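Heads up, there are several structures right after this.
Next come two complexes, and both contain chain A; in the first it sits with chain B, in the second with chain C.
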Partner chain A sequence: MRVCDDLDFGIAREWLAENPGRKACGYLPVYAPKEVILASGLLPVGIHGGGDRLEIIRGDAFYQSYICHLPRSVIELAQTGRLDFLSALLFPSTCDVIRNLSGMWKVMYPDVVVRYLDLPQVTGTETGGLFWEGEMRGLLRDLGAVSGRPAGEDDIRQAIRLCNSLRSMVRELYRVRRERPWAVPTEELYSLLRAAEVVPVETFLDKARAYLAAAEEQPGARKDKSRVIVAGAFCEQPPLGLIKTIERAGCYIVDDDFLLGNRFLMSDVPTDGDPVRQLTNALLHDTVRSPVLFEASQDGKRRLMKERVEAARADGIIFAAASFCDPALLDRPMLRAGAEADAIPCIAFQFSENTGQFQQFREQAGTFADSIKLWGDNE
Partner chain B sequence: MSTTKAGAPVLTAGIDVGSSAVKAVVLASGEGGEKILSHAAVRIRKREISVVIDQAFETAVEMAGANELHYVASTGEGEDIPYATGHFYGMTTHARGALFLEPRARSVLDVGALHARAVAMNGRGRVLNYKMTSQCASGSGQFLANIARYLGVSQEDIGPLSAQSAAPEMVSSVCAVLAETDVINMVSRGISTPDILRGIHDSMAGRFVRLLRSLDVEGVAFFSGGLAGDVGLQAAIRDALSSEFLGKTAPVELVSHPLSVFAGALGAALWGAFRYRKLDLGGAAWTSKATA
Partner chain C sequence: MTAPLKDRSMELQKQMIAAHYKRLEEAPNTGEPVVYTFVPGNLTELIRSFDALPLLPEINALQSGMRGKSGDYISVAEKAGHSEDVCTYVKCDIGMLKSGNISPIGTRLPKPDLLLLSYTGCYTFMKWFELLREEYHCPTVFLHIPYQGEGRIAPEHREYVVRQIRDDLIPALERITGRRYDEDRLKESLKLSASSEDDLVAVLESAKHRPSPIDAYFGAVYYVGPIFSAFRGTPEGSEYYGSLREEVEQRVALKLGPVTPEGPLDDQRYRLVVEGPPNWTSFRQFWKMFTDEQAVVVASTYTKVGGVYDDGFRHDAADPLGTMADYCGGCYTNLNLPGRIDMLVNYIRDYEADGFVINSVKSCNSFSAGQLLMLREVEKRTGLPGAFIESDLVDPRYFSAANIKNRLESYLQMLESRRSRARS
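Up next is the complex of A and B:
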């Protein structure tokens, strides 16, 4: 079984077995400071739902029909014992559903250290900065108690260096795909990055280097396809079949929001000075623009897609949001209106992580790719 | 018109991978317009699909005498053909192929082994709207093939036998399973094979006409896909159209063509030539092993 498909988190469990006394800390989408987890001596494990390989029985009992699928499958994972190796779990402030899930976790799993992470929505140093710095210091204290090894400044710097390597590798993978999408199909890139969420960072870096070398050596044949951005799937993840369907239908995905937390901080975090303050400054001033952070500029969201299209040299945008995903679906009208005002071709659909029928997506993506290729500047 | 930078005709191939057969067309586009150089169709018959694709493609290329192609376009289920330059969606290619074979066409009725769809288009082959049958077998070629097998009739004889019908016996137009039960009952009641077949054609025709009507199409509708050559089905659709559109000012005329089954592959080859010119690709996208 591929690591990215393993709902029993076998690699993490092996790591714990090989490192007696060590513990693991999970985190939900979108952004959690992995550096704090690593500095505390814990194994960070991304919890991104059960995808299309998990039958939901207990999870549905916890949520109304108008709630997205991700929390149902996370509950299902927990209720079936698949998350019993986690000693702590972080719930970032992605939406109200994730917030409520953190409360449910506290009630149901009192032995697990649960922290809800309220990301700062203002970027002032004396306001959002002070708040987030306090949050991280509190988190360091709590996770230090879990591991029994409170992090010192050098531990945090070392973790920042490791995460800088991780971010650098993710940026490189995205750059190569942007330049030569036929050499790095998104189906492969996504599987690699999904695996990165559940294995030690060093393991991922080794695998990613090998993958890039293989992509360089056997790049695959270039095809006549439309270059598209897939926007909106930053929390609940699409099934791999949907990504494959979009690519097979005649599109090269050249930018996306999948697993956005792995590149939430856009550049390397400096390792000099106070490391917690450096992490704080990075979150305040160097984050990717996404629906989970406040957009201060009046027309920032309307400009965003044009900027992304230009950066990726894309031909069009596929807005693909999870059903009932409030942050994505509330932003979509603004993002799409801005894109269409700039004459950027767009289509939109919704998915669920357990979507199993792809014919309608195939039709939409196929006709979209054709319309770009055949009629893009012809009518 | 498309020519290479050296002024030679652009040679393109279209490969349409269907549910029961693979069709391939080789096309030359030059100053004098587009010319079909060859076409080949190979039935899949439970064989490895890549083998059938290669066979259809190589046959068409060999018949055309082409040593190199400037664009190889796939359509239908052919997304994974490794030597294809690009892929076009089925509706896009059937519309373009229909327009080439019948310039008056403004809609397409495409009936294949496992689906039927109606496509409305403009005078340049751009798809304006479409409707497909849902996941139901009663409007498909596979259903007709099953019935023919029960009746002991070869597929080639279905159309001519249907045309001999004097008193068509209606079958369920809703469900293939019910229709098959109807047919078994008819056989036991001694209904003649031509009347049974025409009843099935009428049942299918009713579904197809409803598809076309849902798009509000007018004028010429081009009949494409694997069942387009079935003269019995053609007659049933024409009859259904004339009665369904009775009283309308612009009736729909159904037109078929000897190359109707190749409309998808042809459309792909035509769009391939368009893309070759638009991208200013230059050079060959595919070269025969003998030349290479």
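Up next is the complex of A and C:
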């Protein structure tokens, strides 16, 4: 079984079993400071839902039909014992569903250390910075208590270095895919990055290097496909089948929001000075623009998709939001209006992580890809 | 004696609201600056101390719902590309804006001079004002209120909010209004707030009597109206709450129940606690389902969205910025799930309720996500069964009268049979 398909988190469990003193800390989407988890000696494990391979039996009893799918599959994973290896779980301030889930966890799993991570929405260093620095120091204290090994400054610096390597590898993978999407299909890239969420960072780096080398050797053949950005799936993840469907319908995905936390900080975090302060500054000033954080610029939402399209040299945008996902769906009219004002072709659809029928997406994406090509030819 | 007094507070409220909408309509001529903000974490005293007028889009949305206008507004917003799946307050507001921005009482609404994004207990607020900013191109101040993830307001979180008010919000208000921050004036207003809060708590706690002189959900949404919106800390607000308290105390003395749209409810068969916001599009019909069964609501969480006061919090004029931070952090939807569960359990005990009802609204993840667990936990801790009903705030498509009525009736029958079993 591929790592990204393993609902039992086998590799994480193996890592824990190697040494009885080891512990793991999970985090939900979108952004949690992995450095803090690593520096505390814990294994960070991304919990991104159960996808389309998990039958929901208990999870539905916790959620009304008008709430997205992700939390019910996360509850299902927990209720079936699949998350019992986590000593701590972090709930970032992505939306009110994840926020409330943090309280549910406190009620249901009192033995797990649960922390809600309120990302600062104020970017001034004196105000937002002090707040976030305090949050991270609190988290370091709490996770240090979990591992029994409170992090020192050097541990944090070491973790920053490791995460810088991780981020730089993710950037490199995205660069190669952007330049040669036929050599790095998103179906493969996504599987690799999904695995990265549940294995030790070093393991991922080895696999990713090998993958890039193989992609270099067997570059695949360029096809006549349209280059698209898939925007809006930053939390609940689309099933792999949907990604494949989009690609097979004639699109190269050249940018996306999948697993966005792995590149939430956009560049390397400096390792000199106070490491917590450096992590704070990175979050305040160097984050990817997403619905998770307030858009400070008046016309920022209008410009965002044009900027992304230019950076990825994309031909069009597929807005793919999880059903009932407030952050994605409330953002969409602003992003789409901006894109359309710049004559960027767009389509939009909604999915759920357990969507099983792809026919409708195939047709939509196929027609979209064709129309982009037609349009391009007419220019 | 009671009828004229009752009329007085309702009459006062009507006049206050009408006068406020009129003043808003005239703001472009009078030059009074307008600040849009949200009910949870509203800083009315501060806004008014700058002689600016608060406008609360949620209140417009709920009023539009009550006046049968929200369905059309929502469909205007959906036609403009807004998803069916998101909060209908936002869509109602956007639809109203796109339909000419006429208030629910027919006056024209002014553009904002400032969007004060008090980010308290609801993620959607952020998107709502990002969307409005696209329309109005006006300054926006983000006031980030940390969530009570650990069930309390941490001192450093309070300090974070104080800093934002002092360093970001007050300077922004000075810029847009052209006035200096006047702390003495703010303090005067905060004193009035505290006295209204005393009155409101007395009114809400009167429901501990039998019969309850108020309905603490359907009736109380009117009672919290002024304090949750533009009138906390104003002389009109104080007058309203003084007069409301007097009326309610009279009803207690006379052992009378509340006056509902269907008439007095003196003979009360069930005392219930309610969690979740009401449905506004069929508000009267919804209330009638309760009164038909002689069910009175003795406590509700919804009446705490704009501030929790029955835990002892009062605005404190001695520490104006700190008290505003405490106020914002303490609003109901800023409480974590265990805190909300505790509140329900305490209400059931303190108000000697026979049962509890959760009205889960499709619109609102802030309220709804987790309510099924709340149901189970409250049942477990109180030994009482709860009822779970589903509707929406202002989308008339999601009010299924027959379903809700059925569910409520069978729930009350179940309470009745438990009661008979207990007696025998």
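Everything below uses one rule, namely that the second predicted complex is superposed on the first by the 376 of 379 C-alpha atoms of A that agree within 3 Å, B and C clash if a C-alpha of one lies under 4 Å from a C-alpha of the other, contacts with A are read in each partner's own complex, and residues count from 1 in each chain.
By our rule, a contact is a pair of C-beta atoms (placed from the backbone, for glycine too) under 8 Å apart; a residue touches a chain by one contact, two chains touch by 3 or more.
Owing to the predicted nature of the structure, the values given are computational and were not obtained by experimental measurement.
Chemist: Taking chain A as the common reference, can chain B and chain C both be placed on it without clashing, or not? Answer clash or fit.
Modeler: fit
Chemist: For A:102 in the superposed arrangement: first (chain B), second (chain C), both or neither?
Modeler: A:102 contacts chain C only, not chain B.
Chemist: Applying the touch criterion given at the start, work out whether A:93 contacts chain B, chain C, both or neither, answering first, second, both or neither.
Modeler: second
Chemist: Thinking of the overlay built on chain A, is A:223 touched by chain B (first), by chain C (second), by both, or by neither?
Modeler: first
Chemist: Classify the contacts of A:249 with the two partner chains as first (chain B alone), second (chain C alone), both, or neither.
Modeler: First partner only.
Chemist: Using the touch criterion from the header, give the chain among chain B and chain C with more contacted residues in chain A.
Modeler: C
Chemist: With both complexes superposed on chain A, which partner does A:332 reach: first (chain B), second (chain C), both or neither?
Modeler: A:332 sits against chain C, while chain B stays out of touch.
Chemist: In the overlay, answer first, second, both or neither for which of chain B and chain C A:363 touches.
Modeler: In the superposed model, A:363 contacts chain B only, not chain C.
Chemist: To the nearest 10 degrees, what angle do the lines from the C-alpha centre of chain A to those of chain B and chain C enclose?
Modeler: 100
Chemist: Is A:374 contacted by the first partner chain B, the second partner chain C, both or neither?
Modeler: Only chain B is touched by A:374; chain C is not.
Chemist: Give, as a whole number of angstrom, the minimum Cα separation of chain B and chain C in the superposed three-chain arrangement.
Modeler: Once the two complexes are overlaid, chain B and chain C approach no closer than 20 Å between C-alpha atoms.
Chemist: Per the definitions at the top, what is the overlap between the chain A residues touching chain B and those touching chain C?
Modeler: Touching chain B in the first complex and chain C in the second, no residue of chain A appears in both lists.
Chemist: Residue numbers of chain B touching chain A in their complex, please.
Modeler: 71, 79-80, 82-92, 126-127, 271, 274-275, 279
Chemist: Given the complex with chain A, which residues does chain C contribute to the contact?
Modeler: 80-83, 85-87, 90, 117, 119, 122-124, 126-128, 130-131, 133-134, 137, 142, 144, 146-147, 149-150, 156-157, 160, 163-164, 167-168, 336-341, 360, 362, 365-366, 368-373, 377, 390
Chemist: Inside the complex, what are the residues of chain A that reach chain C?
Modeler: Residue list for chain A touching chain C: 61-64, 66-67, 71, 91, 93, 95-97, 99-104, 106-108, 115-116, 118, 120-122, 124, 126-128, 130-131, 134, 291, 294-296, 298, 301-302, 321, 323-327, 329-334, 336-337, 350.
Chemist: So in the complex, which bits of chain A are touching chain B?
Modeler: So the residues of chain A in touch with chain B come to 221, 223-225, 248-250, 363, 366-367, 369-370, 373-375, 379.
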